[in-house]
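Presented below are the structures under discussion, each in the form of structure tokens.
The following pair of complexes shares a single chain, subunit A, combined with subunit B in the former and subunit C in the latter.
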Partner chain A sequence: MELIYAILEKLPFAFLQYDFMKNAFLAVIFLAPLFALLGTMAVNNNMAFFSDALGHSALTGIAIGMVLGLKQPLLCMIAFGILLSIAITKVKGADMLSSDSIISVFSSAAMALGVVLLSQEGGFAKYSYYLIGDILTITQNDLILIIVTLIVCYIVWILLYNDLLLVSINRSFAVSRGVNVTFTENVFVILVAVTVMISIRWIGILTINSLLILPAAAARNISVNVKQYHCITTIIGCISAIVGLVLSYEWGTSAGASVVLVAAVIFFVTLFFRKK
Partner chain B sequence: MSVHNSCGLCRVEIENVSVISGQDVLLDNVNLEFHCGQLTALIGRNGAGKTTLLKAILGERNYTGKIYYEKHSGEEMKNPIIGYVPQQLVFDKSMPVSVADFMMATTTKRPVWSGYKKQQKQNLMKKLQEMDCADVLNKKLGSLSGGELQRVLLTMTIDPMPDLLILDEPVSGVDATGLDLFYKKVTYLRNTYHIAVLLVSHDLALIRRYADKVVLLDKTVAEQGDAEDVFQTKTFQQTFGYFAGEEKIWN
Partner chain C sequence: MKKCSILLLCILIMFSGCSNQKQQPQQQTITVVASFYPVYILAKNITDGVKGVTLENMAQPQTGCLHDYQLTTKDRKALEKADLLLVNGAGMEAFLEGVKQQYKQLPVVDTSVGVELLDTQHHHHHHHDEEEHSEKEELYNGHIWLYSENALKQAENICSALCQKDSKNKQQYIKNLELFQQDIKNFQTQQKSQQTQQKVISFHEAFDYAAEEYGFTICAEVLVEEEKTPSAKELTQVIDLAKQQHITIFFAAEDEGKKYAEIIAKETGGKVYLLNPITTGELQKDAYLKAMEQNRNIIQEAIGL
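Here is the complex of A and B:
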């Protein structure tokens, strides 16, 4: 770790003299590719609304953790996130309502429950930092957690990507090619749920979805094949993360929101270079 | 591409096949047989049970009766390979997926985002060339015309070469030239690999030109035989209109 810190100090960024900034910098460097990878598939599957709901549901996870008297609600958040994702996927598959209505119902219910529980005796202000997150609170243990998640994600991407792609192109076609659609979908939504819940403390409930969706949406405008799509999304993700972090340091603003702002600018630029 | 030398399958026999859904009889005692090296066209009005019969053969629909595959030696073929080209593939056209990505994803385990070897790409190219659409390999899947997409699907369906090829004719998005080219390719496959082809179609002119045998379905087999003969029958004229079988309206 000392070695990495020493290397970072050599970089031409004044803010890297602080250890907490070094951690934040390392965190965004690993979070960006993680979100990029998941984002490519989330956008392919039109799941922007889904991941938004997932972010909101973090409040309920936190609330359950609080009711149980846990100091760190992370496990509760992850468990609840997984439960919600699988529930949404299942109800969506049953074709009862249009999928955005279904997701909206789940999202509202989960968020309302969270706010009701957390605002008992007017105590919601304590939890409001979850809304915009604080990336400067990242510890070395958190970094390890992020890296492990990234590795797991890459492993899934190596083993399951072709199946995921076929499912996102056309479900019945994937079935006819022998893909286990339910399994593939569930693995993916669980991965998204875990990643979102782990990162929400640092990125914030309000901005986490944009971080997932924006780089991939921008890359989609200018790529024609899967390889390009992945490379460009990862590059855009990393650039917005680093530039956003620097800006947030200079301006004293929320890191999550600054990163999203940079990604949004990149998205609008790519709109002009749109490929058919 | 695995080549069928002299084709393992000899004929497909459909014996007393019925499909009932709740109160509705979708197929009533269908008896039919078709051979390899033959293009059999399935025609009929909407709701006559054409798609239901395809689904039954594909094993996606429960039926009573028997569907039997016989080898040249006269034995039963237990697990014939059945290739199926769907009527249309609905997908998000803006998705950044190239034809090569799509084809590789169905045939290899290596994740397509990691790219592929030159050799693999050349193989795909060769297969597409056989179906006259090598130029689409690097194009975005969503930018293909209806006819090109259909030929790409056909290319994927014949790898490995099936014993029985089932085609559901595209109803939209394919122009006359594309449709004609599609039939030419199917005919080429039938001649080269001697496979059995079963086709659902609405285009009577193309059927007359390319089909070896026509089956008019109306819950059960109403008529069957050469296109010329079937087109002369009363049942055919009642289904498709009196003049449908006349040559003059095809031109």
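Here is the complex of A and C:
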């Protein structure tokens, strides 16, 4: 860790002399590729709304954790996130309603449950920092957690990549090629759920989905093949994370929102360079 | 149609039955509602042992500070049957205006009347008169109860309001107040001679009043509010300040502010001390002095008295 800190101090950013900024810097650098990876597939599968719902359900996870008297609600959040995403996938697979309606139903139900539980003691405002989040409070242990999640995601990704791609192109086609569609989809949504829940404390409920979707959407505008798509997403994610963090430092604004804003600007720029 | 009207009739009878039952005991007792924890435990000292007075705490004890508190249905139920509402005042109860509008009959007692208020930003003194009630209140720091002198004043205000409302128990209220006065005096004499000018950094607004009590100097404040977290710039400025002036004492409460205190302590090699802002805790009458004594022990350890 000391070595990494020493390297970071060599970088031409004044704020990197502070340890907490180093932690935040490392965090965004690791979070960006993680989100990029999941974002590419979320965009391909038209799941932008799904991850949004997942972000909102973090609130319910916190509420349940609080009711159970847990000090750290993270486990509860992850468990609830996984439960919700599997439920959504299952109901979606039954083809009863269009998927946006189904996601909306689950999202609002989860959100309402969260608000009811949290407001039970009138203390909803106490949890409102989860809405914006704060990347500055990240600790070294949190960083390790992020890195482990990143590694696990990459491993699962490599193992399941072809199956996921087939499913995203066409479900029936994937089935005909012998892919276990339900399993693949579930693994993917669990990955998204875990990632979103782990990082929501730092990114915030309101902005987390944009971080997942924007870099991938921007990259989709300008990339010509799948390989390029992934690379560009990661690059855009990293750039917007670093620039956003620097801007938030200079302006004294929320880091998560600044990162999203930069990513949005990149998205609009890429619109003009759109490949046909 | 017939069924419907019978059903309606039944419901009507049920409801009228309910309200009849409720009204009877109300005539004998008075119900006093405290807006939140510190007001409650102060009032508890005054109403202790007095018959025919029910003291209720409105906001649940877990709530903490009231800045953005929203009244729950439960709170409204408590207000509905209240004869007197005790509030901390000085801008603590943001919901107060709405309550005043809705429950026009309910007398509201502002316990902060006559207390010296501190600014939220700078540490100037303001004398708080009744006429001064205005939108300006937001500018003042409302956590007055952390200075024992203020708590005493609040207890006095509570006592005189109760004496007025429930004059037949006047003697007992005054006796209780005298007991509380004695306790506070004892508490104060134990530490008045130990004033210090030690520099600290605070992570909770409430500690401004603790600084009044013990005389330590708050050089910088890092405040976490519901709608705003400290920015990176703010943190780096505080870190630089702490390094420059060799401040190694950081006072935080067990809340979000603690995280930032830990960040800064790690960066500067200082130590975080957790103080109790007395916004939550046990609903007992000696809870106030107990918490104050605990805080004093921690502060004494921190500044090495």
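We adopt the following convention: the second predicted complex is superposed on the first by the 276 of 276 C-alpha atoms of A that agree within 3 Å, B and C clash if a C-alpha of one lies under 4 Å from a C-alpha of the other, contacts with A are read in each partner's own complex, and residues count from 1 in each chain.
Note that in this section a contact is a pair of C-beta atoms (placed from the backbone, for glycine too) under 8 Å apart; a residue touches a chain by one contact, two chains touch by 3 or more.
Quick caveat: nothing in here was measured; it's all calculated off a predicted structure.
*Asks:* When the two structures are superposed on subunit A, do subunit B and subunit C clash or fit side by side?
*Replies:* In the superposition, subunit B and subunit C stay clear of each other.
*Asks:* Does the superposition put A:Tyr129 against subunit B (first), subunit C (second), both, or neither?
*Replies:* second
*Asks:* After the fit on chain A, how big is the angle at subunit A between subunit B and subunit C, using C-alpha centres and going to the nearest 10 degrees?
*Replies:* Result: 150 degrees at the vertex subunit A.
*Asks:* Of the partners subunit B and subunit C, which touch A:Val148 in the superposed model: first, second, both, neither?
*Replies:* In the superposed model, A:Val148 contacts neither subunit B nor subunit C.
*Asks:* Quick check for you: in the superposed arrangement, does A:Thr137 touch first (subunit B), second (subunit C), both or neither?
*Replies:* In the superposition, A:Thr137 contacts subunit C only.
*Asks:* After the superposition on A, what does A:Tyr229 contact: first (subunit B), second (subunit C), both or neither?
*Replies:* first
*Asks:* Tell me the contact category for A:Phe173 with respect to subunit B and subunit C: first, second, both or neither.
*Replies:* In the superposed model, A:Phe173 contacts subunit B only, not subunit C.
*Asks:* Between subunit B (first) and subunit C (second), which does A:Thr253 come into contact with in this model arrangement: first, second, both, or neither?
*Replies:* In the superposed model, A:Thr253 contacts subunit C only, not subunit B.
*Asks:* After the superposition, what is the least C-alpha distance between subunit B and subunit C in whole angstrom?
*Replies:* Checking C-alpha atoms only, subunit B sits 37 Å from subunit C at its nearest point.
*Asks:* Quick check on my understanding: which residues of subunit A belong to both its subunit B contact set and its subunit C contact set?
*Replies:* After superposing on chain A, no subunit A residue contacts both subunit B and subunit C.
*Asks:* Could you pull out which subunit A residues touch subunit B in their complex?
*Replies:* Per the stated touch rule, the residues are 44, 46, 157-158, 161-163, 165-166, 168-170, 172-173, 176-177, 219-220, 223-230, 275-276.
*Asks:* So in the complex, the part of subunit A that touches subunit C is made up of which residues?
*Replies:* Touching subunit C from subunit A are residues 15, 18-21, 24, 119-126, 128-129, 132, 134, 136-137, 248-255.
*Asks:* Considering the complex alone, what residue numbers of subunit B touch subunit A?
*Replies:* The touching residues are 84, 86, 89-92, 94-98, 100-102, 104-106, 108-115, 138-141, 143.
*Asks:* Show me the residue ranges of subunit C that touch subunit A in the complex, using the header's touch definition.
*Replies:* Per the stated touch rule, the residues are 59-60, 62-64, 67-72, 75, 224, 226-227, 229-236, 239, 256, 259-260, 263, 266-267.
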